[in-house]
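Across the two complexes that follow, subunit A remains constant while its partner is subunit B and subsequently subunit C.
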Partner chain A sequence: MIQVEKMAATGAAHLNSAKLNLGILRDFYRREFLECIDKCIGTKALVWDDGLTGPFGLIAEASMLKEQHEVERMFRLQSSGLPSSNVQNIIFIVRPKLGLMETIAQCLLNEEMKGGYVRKEFYLVFVPRKSLLCEKKLKELGVYGSFASVEEFNLGLIPFDSDLLSMEMDESYKECYLQNDFTSMFFAAQSLMTLQALYGTIPYVYGKGDCAKQVVDMMRRMKMEMGGVEPQITPQIDNLLILDRNVDLLTPLLSQLTYEGLIDEIFNIKNTNVKLPPEKFVSQEEKKNSKEPLPTEPKKFILNSADELYAELRDKNFNAVGAIVSRKAKTITAEFDERHAAKTVGEMKQFVSKLPHLQNVRASLGIHTSIAELVKEVTDSDEFLDSLRCQQELTHGIDTDKVNPYIEDCIAREEPLSKVLRLICIQSICNDGLKPKVLDFYKREIIQTYGFEHMVTLSNLEKSGFLRPHAARTYQVIRKTMKLIVEDVNEQNPNDIAYVYSGYAPLSVRLAQYLARPGWRSITEVLNLLPGPKVEEVQQIPMGLRKRRASVTSSQSSMGEQKLTLVFFLGGVTQAELAALRFLAQQDDGGTDYVVATTNIVQGHRLIESLQEHIEPVKLNPF
Partner chain B sequence: CKVIRSYTLEHLEERAKLLEDAMNCFHRCKNEFAAKQTEEQVRLLRHQRRLEDDTGNSYADLSLQQTLRKLIGDGNHGHVEKLRKEFKVPDKRFWMLKISALAEVGDWSELEKL
Partner chain C sequence: MDDDDGASFENAGKRGRQKVNIFDDNISLDAARTIIKSSQIEDEDEDDEEITFDGKPVVKYTAKSSSNASKTPMPDLSSLAVPAVSSTSRTSSNPPTTSSSMSSSSSFGGVNSAMTFGHSRSQSLTLGSSVNIEPRVMKPQFVPSPMSSTTSLEELDDFSHGSKRKQMSASDIDKMQQEIQSLRRSLLGAKRDRWVKLPVDDTLRRIMKGEGYSLELYRSLEDKLELLDKAVRLHDGNAITAAVLFLQSTVTKTIFNRELLCRPQAADHYLSYLKAHFDFAEYINVLVMLGRTEEAAAFKFKLALPTTDVGLKISKLKDSLRSHFSADPHLSQESSFVQEYIDLLERQRPVDESDANLEATGRSQMFRDIPRKVSLIGMPVVTTLYYCCLYHYDLSENSLGSPAAIKKRHQISDKQYLWTAISARAKVRHWKDIEIMLTTKGWFGGTKMKSVIGFDKIVNILHRNSAPPEILEKYLSLIDDVETRIELAKKVSCHKAIMDTYVATKNRPELEAYATKFDRYSKEGLYAHDILNSSTIRWK
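This part shows the complex of A and B:
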């Protein structure tokens, strides 16, 4: 019997502090969710689809559910059935996926076999939406009638941090560009409507890319369906920028070089949680004292800006992290030493009051020193450095039209396929597609080395735009106009967003930067070269609700209030891009603050892997 | 897609047949590269089958590279040369493979010969 692991029980104080109070959104979802489960009266057990525990942990803590809402047990949905319990209601909370329906049916049948003294009621909640197919499947399996009710809970954008919202739909890019399934775009549009209901209509909407256009169109339709009922709130968000991942495929493929980006690349951050190998986190004394074997379970950490030190470190280039950590360590030691200086009772009291805070900082310093060591092991390795050098050559446009010797070697050494594919895709994009001869060479090498089954993966990459045959030259133009390559970046004290990739500025963030100043009109040429249509729309705000804008002169003299832009990434955003946007928001002359929403958080390996076709061959029968 | 489905078939001949169908489809939609690769895969499957008969080891579901590695490891250099010529394995990759495969099994005498 496995109980659902304890959900992330962090407070949400860090959500409230920001420019846009995302606590409101979290409370909104929490209220809706509680209403949803309070519909059934009596004690309950929640059965969670594994993919949902993480996101829900960010809205409602397990402890709260237990104390106030009669949730006695929580289980993980699995085909082995439910552990026995004597609750009155069992609520299944699942995503609308066909495979899960079979598991549910299995569980229900098991329960019926067991019988029991207490009559149980079953409920089903789909997140975020009911699906006709799933309901049909349940009917086919003969269990649909067992449910007292089938509901849906519309969880859209989940607040991750004070400036980050994610829908946690990991496959949205694949669905849109490979399977032509735009359901996730519908959810995106819907969650934007929810946002507008809470924070007011967003006056200016910009977008680039096919999916962006779709979302804007859907929003317009949804607005019409509401029949002119508009949220009566003064808009808190000034601009909405919707970017389709398709517009900038290069950025997520490159190795991120910020602290948080590297942690994500190496250890995969999931729902702000990261699991790390435990050896590093056992102190020397513990090692000596404890006779028990060292923990082998990966250790779990929550990474968000509630941790003061992490908030400072996360967006820094990794090369700058060491210096900050050691400086912090020194100040902390100094502050601890103050206790010797404290003579009067008053001084002592003051010191004691600071103590809990100091201890927190010291603990988090210890954690981050260990994490940084783990990261450094990887970044110092030859594989990492060589691959980085290769990436940098490619983005600079050096020899991109030939077979790259490093990639060739990687294949010959049978390095992980996703790494090889990632490099080839980078080359394809930086060369505006590969020459047929080069592309065929790579494909042949991959098929011969890794197996014929990867043929399907390769064709997936071609369909979704990562690999393509040679086309018109655009990358060089875009690179020059948007200043994507910046020489001499200062990694310690950056003066340009290019620091997040040590010399490459993410195109997506450049687009946001140009939109804020001097406006997209100045880069019309580039926008035309990028795929997909451009969207610019103004949503009328009733007079009474408009923000009181200071007159032009005064807004220039006093820097006035900053504008708030919501950037919505369709198809995923990387931690490094987030870092770059946060960097822009901190600039004094930027005049714009950013909040980011995204379908999911990506990095190169996850992106490529989501497009890989996993074929498990049946064992060949030798006769 | 026929390529994916072919992996669910248990019998070699059925699998090869389906791949040949796939090959014809690729030909029809002028995807010559894919057709060629599929054809090579069918040939590889047949080779692996024959090797299995000859040596008694199983080579099922290995890529060409893995097949070669296994053959080198077993010291079956005749077959290695044959496959290498037939599938036109680039020299660079082949020698890297050969050296690492020989080193793996500790076949130093064969390494000396190179």
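This part shows the complex of A and C:
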């Protein structure tokens, strides 16, 4: 504990929050990574697998690598080979994907052809783990021997924010439920062990779903293999709740209505970065002054709680964002006007000291006003509103057993396939599977309009549980028992998590809410209706490490001390669910605070897309 | 963090020397022996070298000025590792950690202890340096050794702050000597293990940690199956793949298939191996053998998709239909789709060919007005229908390009057909065709306008194809719901329709308000004026 507090997260102050200092985790990874690359001596060039640059950007800065660790160049891994450089070492940092191995081999052979004065050493680092198949492939390609070493770097949960960790494994749902590949679950279990080593063994473990069970099993085994060696730390996390995405497939399909959720839905947030069209972000003055044409490159923004205003806005329903922004704008103008009131030198001094902060706030206000305008353009469009209306009808269970006229129109208008599939999947879930006639109708329409290739897409959706044949009625029961539909929800000052979808409360978060209070025993019936087994486990904590508390056995102690629950979403979590959990954490009677870990951040479009048969994008009707 | 690799990193420090992994299959016993011998010696004297050669200026400085100081932390750390390292014998009884993330120095296994040495040294390096002081503190918590108690933590803390650096004592040197001894022993052990049949658990652990291993000593089927079953139970992909491939290469096909059948998880890994190695024929065979015919069919279908040559694609699809889809009664719907796909391609090919020729001659007015943008081949059914409505609307049903024939063959719904046909005919501005399409015979020989998709949608389609106002007016007037009609008329800015609607609802104030928008003598203004002055209308 003492050492833990001493550590300061370097360059990521927003990760230190009162509940759990995730800076420690970031520092841990960062240290391991530096150690890994420092093993080769001399100047180096890092060759990055494209999928890794984002995640690594969150734990180490390029400038730091350059200045302190002799990393002279950074390249992107591509089959065209490496640009020439004079470094002594070349380190490939890649995910264990077979396709990448061929690219690496190509690069190595190219380098050897080139020759050169300086003899280069090659290294290979797999993230997060070596793979037998990949190494075999390299041997087959005849380049395995060229590597001075082959290492692995175990990057697990990457801290995104003070209450959010993500493994950034975008295809984990697809891998588990479509390809029967549970490797990502192994990594999840492994990263949970890392977390426990840093923050203490988590005493109570709950879970729901097949994958959750598997992760808990693996954790138990890993613990056994450690031979009874426990991290000697007082547990900082009280409960662990592992939720399988499979348990609640409806939530990620619905259109999120929080500020951050909408940004993600419309512009895709990737590794907390978002790229936006640049026109909105050029101020009037700049427009006048600059003679050059306006920038056409998308502008990149980092979205996390380091930005005070964003921290406040992100979880609000979008309908409440406008009011907050204009209120903030007023206060900030008022504060700037104080300088006129400042008479004495002391007052002036005080104002000047506040100035940098004020300027920051003003800049971020400008940015978020522009982003909100961009979002509003979309949310005001007919397409968005009609689709939202359709979704709400479906979640209310209205006419879900018939062909939905709006979906039919969407197909006729040849709207994006993922939007159509999203709506059909929502209907399938809300109706506990579609009637054969309805399903066949949709299938035929989709195949005829979007191409026969999508037979594969449809079969993928069926296999992974999004489209189902008609089965026993459960949705209505779950909806009523868990109060998933909340009428007249207050979007400005919410009193229920349902505000994040303007009237629909995500089932996953309801499960977390019920677990905290009054406990899962009250909803046994619902739990039995949901797919997959239920897990409840207690990990014994040595006496000396237990939190001092009146009764350790009761999981709902009414002590004043706030408890901390880690919710781990296997297969992804949406920004809106995060918002709902953050909302719960702020409630006085919630009983617990939350930190969220996830395999990846999802939204409906990306989730469906990952299951779609990839076809070269062609314009549907070019004639 | 794997031991082997650490070792090779060390070796890499010596330029130009080849990487050695004594556990590699391709290194002979003798070679391994020499490597071990030489690397032992080198490891010893390399110790100082490495520090001085290390790129870090800070470290270099420490090493030179006070080599003691830079070394002192080492015994401490190695002492952390010693209990594990020296207990090569213990490893079998005490299953050590496999989760490598837990132990940054996974020295716990202790077999390749040459590396443990290397690792702890690299730790001491950073420890001595003052750059990364604080993070270092966390380290010991990851060494799952009983020694990592609070006391040693405090000691480390002291070191890292450099407040009181201990001098190297005789006992420290002793400790190091002991460690070297134990490392030698374990290296010998490792060498010996190469030829000893290790317990299955140990081998699996080695696989999981990415260490060297050999499976060839498992000769009996029971051993092989035990290996596989335990690997499956551990949920470790690498281990399962290794075990299943070993089984595949050492037993007959019949036995392999039999065992695979009752181990679905192993089968999955074998399948993904086959897929990754582009052994598609075997991949499909195994799927069929496992009774997963649907997947086999889907995969065969997927393989046909990227083919660019139509003829080849058709024959591939036919092959998949014959060998997989039609063989399985559960796939009847899918097989009818595949058949349709084949028919569609077979229809597209001649149509596309003849149209391309016609276009090339430049004699057809149609293609000069609206040139074909791309080839028709590979387009979805609805797009094909659109194309045919565009260029071949008047063909009779028995020719390939006829829209009616496409509708019939692919069971296109009336709505979908109407939607597509209207869009296409609107594009070529044949309003008459649209009228005919929407006209139905009434009861007594009269005609009536009727549409299956709602006239509001038809107006939208027409508007998108920039139909003239007269046409829009005509269809707007057919919308029953007044409010929709006004809203839509406003959207497509069809003023006459709006005014007519106000007349129909006898809403004079609205009409008056609307009329003010126009110039008195414009076309719309005059029209509004006429209506307002008309005495035949009874306003509300």
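The rule is simple: the second predicted complex is superposed on the first by the 593 of 623 C-alpha atoms of A that agree within 3 Å, B and C clash if a C-alpha of one lies under 4 Å from a C-alpha of the other, contacts with A are read in each partner's own complex, and residues count from 1 in each chain.
Keep in mind that, in the parts below, contacts are C-beta pairs under 8 Å (C-beta built on N, C-alpha and C of every residue); 3 or more make two chains touch, one makes a residue touch a chain.
Just so it is clear, the structure is predicted and the values come from calculations on it, not from any experiment.
By the touch criterion defined above, A:Ala412 reaches both subunit B and subunit C. With both structures placed on the common chain, the touch criterion links A:Asp401 to neither subunit B nor subunit C. In the superposition on chain A, contact is made by A:Glu613 with both subunit B and subunit C.
When the two complexes are overlaid, the chain among subunit B and subunit C that reaches more residues of subunit A is C.
By the touch criterion defined above, A:Cys40 lies against subunit C but remains apart from subunit B after alignment on the C-alpha atoms of chain A. By the touch criterion defined above, A:Leu198 lies against subunit C but remains apart from subunit B after alignment on the C-alpha atoms of chain A.
Contact with both subunit B and subunit C is seen for A:Ile447 once the two complexes are overlaid on the shared chain.
Looking at the shared chain after the overlay, A:Glu312 reaches neither subunit B nor subunit C. Judged by the touch definition given at the top, the superposed model places A:Phe186 against subunit C, while subunit B stays out of reach. The interface of subunit A with subunit B overlaps its interface with subunit C at residues 408-409, 411-412, 414, 440, 443-445, 447-453, 455-456, 459, 613, 615, 620-622. Within the complex formed with subunit A, the residues of subunit B that make contact are 1, 3-4, 7-12, 15, 33-34, 37-38, 41, 44, 52, 58, 60-66, 87, 89-90, 92-93, 96-97.
Subunit C contributes residues 1-2, 5-6, 8-9, 11-13, 15-16, 18-19, 53-56, 94-102, 104, 122, 126, 131-132, 134-138, 141-142, 144-146, 148-150, 153, 157, 207, 210, 234-238, 241-242, 265, 268, 272-273, 276, 294, 298, 301-302, 305, 333-334, 337-338, 340-341, 344, 370, 372-374, 379-383, 386-387, 390, 410-413, 415-416, 419, 453, 457 to its touches with subunit A in the complex.
On subunit A, the positions that touch subunit C within their shared complex are 3, 6-8, 24, 27-28, 30-32, 34-36, 38-42, 68, 70, 98, 119, 121, 123, 129-133, 137, 145, 147-152, 154, 156, 179-183, 185-186, 190-191, 193-194, 197-198, 214, 217-218, 221-222, 224-227, 229, 231-233, 408-409, 411-412, 414, 440, 443-445, 447-453, 455-456, 459, 613, 615, 620-623. Only residues 408-409, 411-414, 440, 443-445, 447-453, 455-456, 459, 613, 615-622 of subunit A touch subunit B when the two sit together in their complex.
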